[in-house]
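One structure is given below, encoded as structure tokens.
Letters A, B, C, D and E name the chains as they come in the text, with residue numbers starting at 1 for each one.
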Amino acid sequence: MTPPLQTTQATDGRAPSWVSARQRGQEAPKGSIPSWFYPVAATGTVVGLWWALTAVGIWSELILPSPSQVWHAFVQSVTEHDGRPGLSGYYLWEHLWASLWRIVRGVAWALVVGAPLGLALGLWRPFERFAGPIVSFLRSLPPLGYFSLLIIWFGIDDTSKVWLLFLAAFAPISLSVAAGVASTRIERINASLVLGANNAQVVRYVVLPSVVPDLITGLRVAVGFAWTTIVAAETSNGIPGIGGLAWATKKELRSDVAILCVIVIGITAVLLDYGIRQFEKKYAGWYGRW
Amino acid sequence: CGSNDDSSNAGESTGLPEKIVIGYQNIPNGDLVVKHDGLLEEAFGDAVSVEWKLFDSGGSVNEAILAGAIDIGLVGSSPASRGISSGIEYQIPWIFDVIGKAEALAAKSGINSIADLKGKTVATPFASTSHYSLLAALEDAGLSESDVKVIDSEPDAILAAWQQGDIDAAYVWNPVLAKLTADGGKVLISSEDLSKKGKTTYDLAVVTTSFATKYPAALQTWLNQQNAAVTKIREDVDGAAASIAAELNIPAADAKKQLSELIFLNASEQAGAEYLGGGLARNLFAAAEFNLKLGKIESVKEEAAYNAAILTTYASAAK
Amino acid sequence: MTQQHDEGTVERHLGRAIAVHDVTHEYISDAGPVVALEGINVEIPGGEFTVLLGPSGCGKSTLLELIAGLRIPTSGILTIGDARIVGPSRHRGLVFQQSSSLLPWLSVEDNVALGLRINGMPKDERKKRIAEELERVHLSDFAQHRVTELSGGMQQRCQIARALAVDPEVLLLDEPFGALDALTRESLQAEIRRIWQETGRTFVFVTHSVEEAVLLGSRVLVMSPRPGRVIHDQELPFAHAREPITEVRADPTFVNQCHELRAMIGAH
Amino acid sequence: MTPPLQTTQATDGRAPSWVSARQRGQEAPKGSIPSWFYPVAATGTVVGLWWALTAVGIWSELILPSPSQVWHAFVQSVTEHDGRPGLSGYYLWEHLWASLWRIVRGVAWALVVGAPLGLALGLWRPFERFAGPIVSFLRSLPPLGYFSLLIIWFGIDDTSKVWLLFLAAFAPISLSVAAGVASTRIERINASLVLGANNAQVVRYVVLPSVVPDLITGLRVAVGFAWTTIVAAETSNGIPGIGGLAWATKKELRSDVAILCVIVIGITAVLLDYGIRQFEKKYAGWYGRW
Amino acid sequence: MTQQHDEGTVERHLGRAIAVHDVTHEYISDAGPVVALEGINVEIPGGEFTVLLGPSGCGKSTLLELIAGLRIPTSGILTIGDARIVGPSRHRGLVFQQSSSLLPWLSVEDNVALGLRINGMPKDERKKRIAEELERVHLSDFAQHRVTELSGGMQQRCQIARALAVDPEVLLLDEPFGALDALTRESLQAEIRRIWQETGRTFVFVTHSVEEAVLLGSRVLVMSPRPGRVIHDQELPFAHAREPITEVRADPTFVNQCHELRAMIGAH
């Protein structure tokens, strides 16, 4: 046997490909950058860019307020001042909670309706032929164009807003699920069939688990999309509500508050997304391994 | 949903609804004073609950009324004229304010008269009182729609486009208007000037016809509070400005400045022939005809319909 | 799409014969149609251990899938007993050639449990059953592992356990021992033979090993290259033997038989 | 051999499962419903429902106009009347084309930026850790909250609108592509590695083709999003433009025109989606078979 | 992540030896760690035809993947010549145990072309080469088909053609003939033997067939059950034989050798 080798030796082959390392779920080599570094760096980059944009001062602070102005608005929004709480009569967290609760309900309904709809579209061709165009039709309608219809049907309170968010969120979920169903591998379906599975059992034991990763991707897109729609949903009677606050203060040219709202929306969405991805890691870890 | 839906109940015997749903807008007038100072809640006590719903434009208020979602709302005279022309069943018991210098046509330097706007781009929020005023001003200066590029834009987008240099002028309201003039914008004409030429614009209260007929007492109470707010604006402008500033999340000084650019009338002034007594109906009818001529609306109702839409009795009876 | 069931006829009929009448199967593909099977007529008697031998690509897997009801023949009819095969059934189990039919999101145990769950076996009974089957294929140590964490041969064994667990009337095995080493293979061959001898189920077994065919089969069918046809059909004596497999292998008649069959195949 | 069997015979097993029939790409049995039936039935159902809703008359026609009113608006929009062409100075097709052209540019940029971004997110973990949160942040910002920033940066003309549509469209594409990369099967990557592929070649020969179906799903979602955002994008200086027309006419209480616009948007989106799916059938037909 | 290349050392060194020093490989899984290989020390001389025999799950595939550079050992070092193996290279080709490593969106032809494209072979030359390789594995008729349209054995052959096409210095074959019938298998065995004899490449060949091992190998390594260790290492005489395979098989020393080896394995 040749003796153990020195570290200065020649090598053969390419060092571990990052493409495959990623796929194997391997982490970066030990002793490298700590994991908290990345979100901090990301936040730093964004705030730095923003600060630089305002510092060069070519745009009026009225439209792009500086970080310090927004910080000031933030302080206002969480304190009582002039005897009134926060902004527009509510603290920031009350606004946020109101919107979050609408989004949670909208997206929950979207899951409840969109996932089975996607399953049906993916599984049953005549239904897809019939309902597919209706779904593509619905999912591309602009909320600002039909929101008044929702108001006449569901009133000016939360119901119509939740409906709007639901309409925004259901389509990505259905589409992803339908695509996932279409990619369920036939040999797995066959395996369950020869074990005696009926259609319902094929769906339960094979199609549904196969579709989990797609469902999660759809859910992530849907939640993001619901957030982008929150301002549209809260243009009428949207206080308390983070979108309603943004919309109302923007009209008053309190763009510091509007930007504050936009940032709060963004951060909340990032955290939600992070949560969903943790869930995914836990429940769809097999994905891509086979 | 508004109280006009829950028709027959205990409320009717007392002449008071269980609740009043009010659609308000963030416009610095008495309505915000009433809201912020809790005047209505105080006046009604526990008998009637009051719900305030924020709207972003007269158009949304019109829709909410059509949807039966509110009882009383605030709309500009343009959406009001349009609403009556389309047959929305509501009436006007009160004028929140007459738009004075708060809405105006501001132009970039180098443009000194409306005639200079020929070939230029002018922005305004469509279907608003400003839009109406702009078209009236252009017609008055002998310009047709094809001479000027009129584009639709939300107020904050107007400011952005102005700073970008994409537009040459804009007919818009505060606070954007103030920023345009502060940024070198020159006021070519204001709504106050147009008012002198018979093209007055207003912020109006609208109440659904069903609410007005069912609950006259409640409506009267509501109007009395509005009258009180006007009194406060006139007598304690700093106090009123503070209330408004709190509602709008702006400094009190700004609120005070904005208040000064609107004209407020108390109940007895409103009841006169110039306003609720006849002038307003003529104004709304004329506005409708003007819009019809420009192709902005499809049809105009009989003049009587506009008369019928004005309620004078409440202002007359106000305390 | 109607769902004709006729579960009445699918009761336990041990030993129903499978018949393939004039079956042709053609695959459509972008590169033109491929005739995999042409005018096949075969009778597979109930309770026999039939071995299928044939060159790569001759249509053995296709034939098993037709019998399983996973494919509909382009023309011709398949029957079991006096019933026509119209689709898959738990009474005709299939061990697939490729182990990617395992469900990667489940553990080894849960993969084996799949058929039992589908057929509604209660939990306690199921547990016992799974343990037995895993024992049989020597996978007890890996019950909790994901199937993605198994070696190729272990995956194949997991598939076999899954198919055996539901105890089907007919068991179709597509090269089940292809990826197994000699020792494991021998032990599983013994198991399969024991199961067949004890239960009298109908087995159809695809293999490439002439030795394995002679060892296990009560009958062998030899197929021609594409398009597949049955060109030879012969009874075999050793399936019923009670001696251990090693003894059978040493038997001179066995060595002889293998030799003959190999020669026969080479001749075609 | 037993004789050939009569059709009245007993059967064994369940008739072809629709779940697996769908997977095998098999069509419904011959002699069944013709394919034109489904879109016609879908359209019929939608129009019928709409007609019924207006016919019962509990909602004002000012908000939910009847099919005949909308038909009237349609006729107006394609003819010259009172000496003016169409509506708001342009014919319907001019409005539609203006919007479509904006959408095409926005989505094209979204593809150009979003697909590589998704690849990078999916391939390179440190980049994902850093940029992932930024992407989730950006993709959840409500356009109505930041549109004025786009105007101040890119002007009130088409550029800012195309940007807005781009921002709406890039996220679903990136997310789908990133999910697709994550599900690329490791043994295929390994196969290319032992043939000597470097990272770029692994991406080119294995990852990219694997990701095609996900890219297409993302694209479909993105185009739908872009359409839902068209009204928001055209709130300022949006004429000609189908969304701008909807917005302006809605404010003017011409809800027949607004509904007409919404319907035209929906139909155009359905046709676009149909086109993308035909493309998918052609180029990603292998999906799910293996 | 640095990308150390050292292509200089990867030039054609026919017959570089592969050495495995104290290699342990452990898989992490939710169900606990699995030690697949433990303290392995092997020298695989360059230019030899080394056969790996061992029970299912003993770590044969793991060892091949380590040599290919697709896995990094938990501890220990692998070298080729005097260079350390740090990752995959085109000079160490691998035929995978599972044929799902074929690319389903490509035709058979394009799958075989993959390595040639990657290594930048011009189109004309490539075409000729592909035709040759497909001929060798009897897949010429299916050049235009999708790999999803192949039978199990045909897929395996397609994989072999793909690996052979780039003509690597070391060829690692993981049960390449597992799914092949006797005849096709014999023909491919003859091909592989011819290639080895003519080119002097280093072959590492996993098989379960003792007969195949004795027939093809110039050397056999026998591994113990998990955790895998090399328990037997022996030279074999028939790899260099020039006679046709059928003749070798009939040779009594061959039969004897098989018998001995089988006995040896059984004894462990």
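One rule holds for everything that comes next: a residue touches a chain if its C-beta (ideal position, glycine included) is under 8 Å from a C-beta of that chain, and two chains touch if they have at least 3 such contacts.
It should be emphasised that the depicted structure is a prediction, and the values quoted were computed from it without experimental measurement.
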Shortest contact path, subunit A to subunit B, counted in steps: 1
Subunit B to subunit E, fewest steps along touching chains: 2
Of all other chains, the one whose Cα centre sits farthest from subunit C: B
Chain-chain pair with the highest tally of contacting C-beta pairs: A-D
Between subunit A and subunit C, centroid-to-centroid distance (C-alpha), Å: 47
Separation of mean Cα positions, subunit C and subunit B [Å, integer]: 83
Junction residues of subunit A, two or more chains touched: 14, 17-18, 20, 28, 59-60, 63, 148, 152, 185, 190, 193, 199, 235, 247, 250, 255, 289-290
Set of subunit B residues in contact with two or more other chains: 63, 66-67, 154, 156, 159-160, 163
For subunit E, residues contacting two or more additional chains: 3, 69-70, 87-89, 91-92, 98, 100, 146
Pairwise chain contacts under the document criterion: A-B, A-C, A-D, A-E, B-D, C-D, C-E, D-E
Residues of subunit D defined as touching subunit B within the complex: 60, 62-63, 82, 84, 147-149, 151-152, 155-157, 235-239, 244, 247-248, 250-254
Partner subunit A, residues of subunit E touching it in the complex: 1-6, 8-10, 19, 21, 41, 43, 69-70, 72, 77, 79-89, 91-92
Complex contact set, residues of subunit B against subunit A: 1, 21, 23, 26, 53-56, 60, 63-64, 66-70, 154-156, 159-160, 163, 175-176, 179, 183, 242, 245-250
Subunit E to subunit D touching residues, read off their complex: 3, 65, 68-70, 87-94, 96, 98, 100-106, 114-115, 117-119, 146, 148, 162-163, 166
Of all residues in subunit E, those that touch subunit C in their complex: 27, 29-31, 34, 53-57, 59-61, 97-100, 107, 142, 144-146, 149-154, 157, 174-175, 178-185, 208-210, 262, 265-266
